[in-house]
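Look at the two complexes coming up: chain A is in both, with chain B in one and chain C in the other.
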Partner chain A sequence: MIIFKTFLKILLKNKFIIITYTAILIFFGCFNTQTNDNTTNFSATKPDILIINKDENKGLTKDLITYLNKNSNIKKIPDKKYSLDDALFYRDVNYIIYIPKDFREDFLANKNPQIKIKSTKDYQASLAEMMLKRYLKTATIYHSEIPNEKDLLESINSTLKVSTQIQMTTKLNTNSLNKMISYYNFANYSILAGCVYVICLILSSFKEKSIRKRTIISSLKSSTYNLNLLLSNSLFALILWIFYVILSIILVGNAMFTPHGILLIINSFIFTLCALTLAFFIGTLLSNKNAINGIVNVIALGSSFLCGSFVPIEYLPKSVTQIAHILPSYYYIKNNELIKKIEIINLKTINEVLINGIILIIFILIFILLTNIISKKRRDFSYQ
Partner chain B sequence: MENTIEVKNLTKKYKNLTAINDLSFSVKKGEILGLLGPNGSGKSTTINCLLSLLSYDQGSIKIFNEEMTPDSYEIKRKIGVVFQEVAIFEELTVKDNIDYFCGLYIKDKNTRKKYIEDAIKLVGLEKFKKFYPKQLSGGLLRRLNIACGIAHKPKLIFLDEPTVAVDPQSRNNILDGIQKLRNQGATIIYTTHYMEEVELICDRIIILDKGKIIASGTLDELKSLATIEEKVSVEVQDLEEKYLEEIKKLKYVDLVTYQNNNLQITYKKGQNNISHLIDFFNKNKIAYNKIFSERPTLNDVFLELTGRELRNE
Partner chain C sequence: MRHNFKYTLKILFQNKALIFWTFAFPIILGTFFNMAFSDIEKNEKLAIIDVAVVKNEKFENDEFLKNALKILSDKKNKDQLFNIEYVNQKQAKKLLVEDKITGYLIVTNKPKIVIKSNGINETIFKYIIEEITTTKKMVNIIANNRLYKEIPTNKISNIENFYTSIYKKILSLKDESINIKDISNKNLSYTMIEFYTLIAMACLYGGIIGMTAINNNLPNMSNKGKRIAISSIPKKKLLLSTVAASYLVQLIGLILLFIYTIFILKIDYGDNIFLIILLSLVSSLAGLSLGITVSCLIKSSENTKTGIILALTMFCCFLSGMMGITMKYIIDKNIPLLNKINPASMITDGFYSLYYYDTLSRYTKNIISLLIFSIILLVIATFCLRRQKYDNI
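The block that comes next holds the complex of A and B.
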């Protein structure tokens, strides 16, 4: 208990530096999440159309204009050549339709009247062209069978009314998922840097040579001492992890409670344990307080760059990704990316995620083992 | 009287260097044993072996009649150590530091609270309870270091040069505290190279040199080993060479040195030496200022036994 109490006192004594450090990490984490807002929502867009009608506004011609009016934004620009060219150049309109004189009559008389167009040749213009072609094609098909104009217009409109309902097979919110992945990928750096910095800072006080010597000669068993220290540090890591999870809920919202969000949270928990044991191992090795900043940069920043925390791993050279295989961050980030790709979560689809999780647990065991060996060696070194 | 520590034939080697050579001694319950010797004589190595911080090549160590090993937690419970280097947390206050080190031995909160207050009182840090180490002077830090080592009321205390680089006020406070601990029943092993401290507080003294015991006993027993009886120092301005030669011929005079107007005379036996010297000065009309006499010190004993000065090592 005295170890835990002292741990907390040292933690509180360093609260300013710890809070400042964590705040900086959080700021960058949030910034990274917001700037990675890859919108993938679809919404219908209406092209801007100018109709220059030389025909009488009745019958088929009127019906065509009404149809276009429903599905696009009809613009009014004076029918002067330079005005029309300017409108196209400045994208005030995407598509200009010239309905010629006697269009209606010629169409009904099967004279195949020509509609001239001018276009910006962009995506919006293609939409406008699609609409126009759809109307004319439908009208042409029906007119071969229905000579009466009234019946013809009824048939055209009933056909054009039909729309297809598209239903997504999964309810995956890709925008939120992208945000989550971005946040949790960056958390690799935040959690690793936070754990290594704070744990090494506190351990450096406990492991200071003269204090360690005094502890060794006390009646407190070495194993009890190490266990108490590990548990105290675990509490800090747990608080840090909970903090990051809560922040992700604030940033991303309810999407964190979806199976994908929960998988990301579990993955980050295993990684936090890995960061904790790694930090404990480094803290056992480290005897110089001044080296902590350097160590944090090498460990946290280095592995974050190598493993794709900042830059997607696909963009990194193969030699770099091969080196990354020896780092726990690689498996953590790889899991995040795998979770992103899974559509329906079941045992089969998360198989690879589980394997990576097991690899992370193996890393945890290796770090614990190494810490024990080093700790014992250190003790043996003094006892010789 | 019952022995608290029994060391037999203790030998510790570092490759070719023998740090401790066949050391045997015992420490009686309730006594203060002084381990005296120059730097590198093996004092700290001996203490580290006794505390199982170092392994040893040969011999045996028994503390409280039990073999001392690194896992002797029951023995360790009764031991307190104050090392030469100050071992405290910079981030904790005086009280919290003592609480931590006391907490390594005492689990009960109320007992610990009382022990902490006792330790603070013993070293005179009542006014500095809430101070952080960086706010304390070197002397106060040393006192805190002692409080951290003895707060759990150990029956056996090792003090390894606790007064190094300490101001006189703190030194007196520390020495008073050590005597109080002994009065409370603790057995103390005190290592230092300050002879005055050993003479002041130790019941028995062991003089170490090159890992060997070269002398041991009470202060009087050790001083009896010295062939000189008295040292007289006189401040004399410009003493002529011929008078120096005459002083050397005075009765019982063993050695005469004259440096920086300071005349030092060592006598083999000591009765009325000063009065004879004053008579000599008066007779030859030699002006003198200060004159004082001192008994042989442990340094003189060490000098006689090894041919080297203890304090200059």
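The block that comes next holds the complex of A and C.
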């Protein structure tokens, strides 16, 4: 009990820095969870495009713009010195189309006028280019047969109207799921950084030479002492975890109470325990109070970047994910991604999730074991 | 003066925490960035999409669709879009469940696409199938149009040849004959911004070096400061040598970071080495003046001062796009003033304009803003450091 009391005392003494730190982490966490509207019907991905029209807005030119408008999001950005190029660079738009002056007239006069474009050359831009080419191709083919503009537009539109029947098999609300996953993936950083920082801070106070000496000569067994400290620190980790779960319910809403949401919450709980034992292990190793900040950043940022907390795991290079296998965060984030894909939850489908969970528990046991070995060794050597 | 310069260097290099934050941390963070972001842009480029087609009677009879898909999945075709597996419906469903394919096509009365969820690959799949159907429809419309005109003249002898000729005409219109010209800039890699914010962070963290060095000279910070304050050396000389030494340390750190990012991480800073060096020198000066000013203005322990600089730097870098590249763009678009007074944004924007734009006007504007920023802070610091008097410490 005395250990727990001391723990609380230190925690309260550092409350300001702990609250600030947690608030910053939460702020970034909230910022990272973007809002999306939710749907389970097919909706085509629409590229963001920008049209700079120097031609009169009528006839063929107007029809082209209407067609593009229907199939993409047309952005309105004032044509200032750098604004268009900036928008393209930061992917605010994927495709810029410059319709030249007299485009309509030249086209109808078979002059094949040139359209200039700027493109980000990604998926969205490729899609936008397909649309533009499809319209121009259709128009060119028809124009050689149908010289009259009105009939031409009619034929173009009746052709481009064709749409393919689509059937979607998933019944999952992918958007709210995506939101949950991105929140819980980011929580990897917040939980890890929060636990390692606070627990190292507290443990370093326990390790001050005079205090440590007093504890060692007491009748308390080393493993009991460690266990007591671990349990007290668990309280902090538990509060941190509950806090994040409540926040996810506020941010995502009722979807957190679906089986998928519950699985995510359980997964994050196991990970919190893992972060706790890892923090405890690091805290035992660390003897310099000034090094805490550096260690926290390297460990939390490192495992977040390597395991796909900030950047989706499928975008990471193979070599990086290979290295990531040695980190507990990898299994936690892998589980989040697996949960996202499960359609119906039963023992067979969550098999892999369970295996990753067990790996996390093995990590927990290894960290506890290492902590005990090291703290005992340290005591034997340094205070003889 | 040389004595003070030498000892300031010695003191700074022996401060392990300081060297970690200003030398090692940016390099570690850069490595993480590189690991995480190196493949992002590659993944955003249009890749070949895996799909399946259900082989049934209706599909086998649709020569047009069969041919079109064959061309689109031809491995020799440089515009190959699909990787197609021809299977039965059961297998197709299985492939979809196992995430092996984006979706599958089944021809009943009309072509139908079965997919799992929304997405860009799914949209492109749908779009291409529509395009094939469109072409078919085009043949019909043109044929009707011609038939209408030509039947009275009895020009058409063989109706099959007639359709084939129209079909050939449509296919002969290649993509190249569409007059589209790409005028976009070749440097479009937006992940570079991450590394530019990293340089900005390193420059502003350099402020901690300046702060530590100035703290050594302040009588209210340490006994060393008291001793230095009562020495007979003119204050001006003392401060100048201290600042010069910390600027040197800062630049050494920055050079290491540049060497690491250019030669190991292969970061592209543009072609003009001279302008890059100039921007780095000015950026470091901005960081240094920030550190000195914090050190003079805020009367508290060294840890608090370090904390303030770290937090301020992180916040500035957040606004200039370190935690999400679009952040800088959002601020530029909505609250431009905020980024005009944010040193991290000026530095990032300076490198960005060197990398992305051909003209130098934007770069020059950033250099001038950084200089004004540094001068204002240095003037404030000078006023604070002048004629300091203590009744007691």
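One rule holds in what follows: the second predicted complex is superposed on the first by the 244 of 384 C-alpha atoms of A that agree within 3 Å, B and C clash if a C-alpha of one lies under 4 Å from a C-alpha of the other, contacts with A are read in each partner's own complex, and residues count from 1 in each chain.
Going forward, a residue touches a chain if its C-beta (ideal position, glycine included) is under 8 Å from a C-beta of that chain, and two chains touch if they have at least 3 such contacts.
Since this is a predicted model, take the numbers as computed values, not measurements.
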item	value
Which partner, chain B or chain C, touches more chain A residues	C
First, second, both or neither for A:6, with chain B first and chain C second	first
Chain B versus chain C as contact partner of A:26, first or second or both or neither	neither
First (chain B), second (chain C), both or neither touched by A:266	neither
Touched partner set for A:108, first chain B, second chain C, both or neither	neither
Partner chain(s) touched by A:210 [first = chain B, second = chain C, both, neither]	first
Which superposed partner A:305 touches (first chain B, second chain C, both, neither)	second
Partner chain(s) touched by A:366 [first = chain B, second = chain C, both, neither]	neither
Touch list for chain C against partner chain A, complex	16-17, 20-21, 25, 28-29, 32-33, 35-41, 43-46, 96-97, 99, 110-124, 126-131, 133-134, 137-138, 141-142, 145-146, 169-170, 173, 175, 177-185, 188, 190, 323-326, 328-329, 332-333, 352, 356-357, 362
Residues on chain B engaged by chain A in the complex (per definition of touch)	51-55, 70, 73-74, 76-77, 79, 81, 83, 85-92, 96, 99-101, 103-105, 107, 148-149
Parts of chain A lying in touch with chain C, wherever the complex brings them together	28, 31-32, 39, 42-45, 82, 85-92, 96, 98, 112-124, 126-127, 129-134, 136-138, 140-142, 145-146, 155, 158-160, 162-170, 172, 174, 290-291, 294, 297-298, 301-302, 305-306, 310-311, 314-317, 320, 341
Residues of chain A touching chain B in the complex	1-2, 5-6, 9-10, 13-14, 205, 208-211, 213-221, 379, 382-384
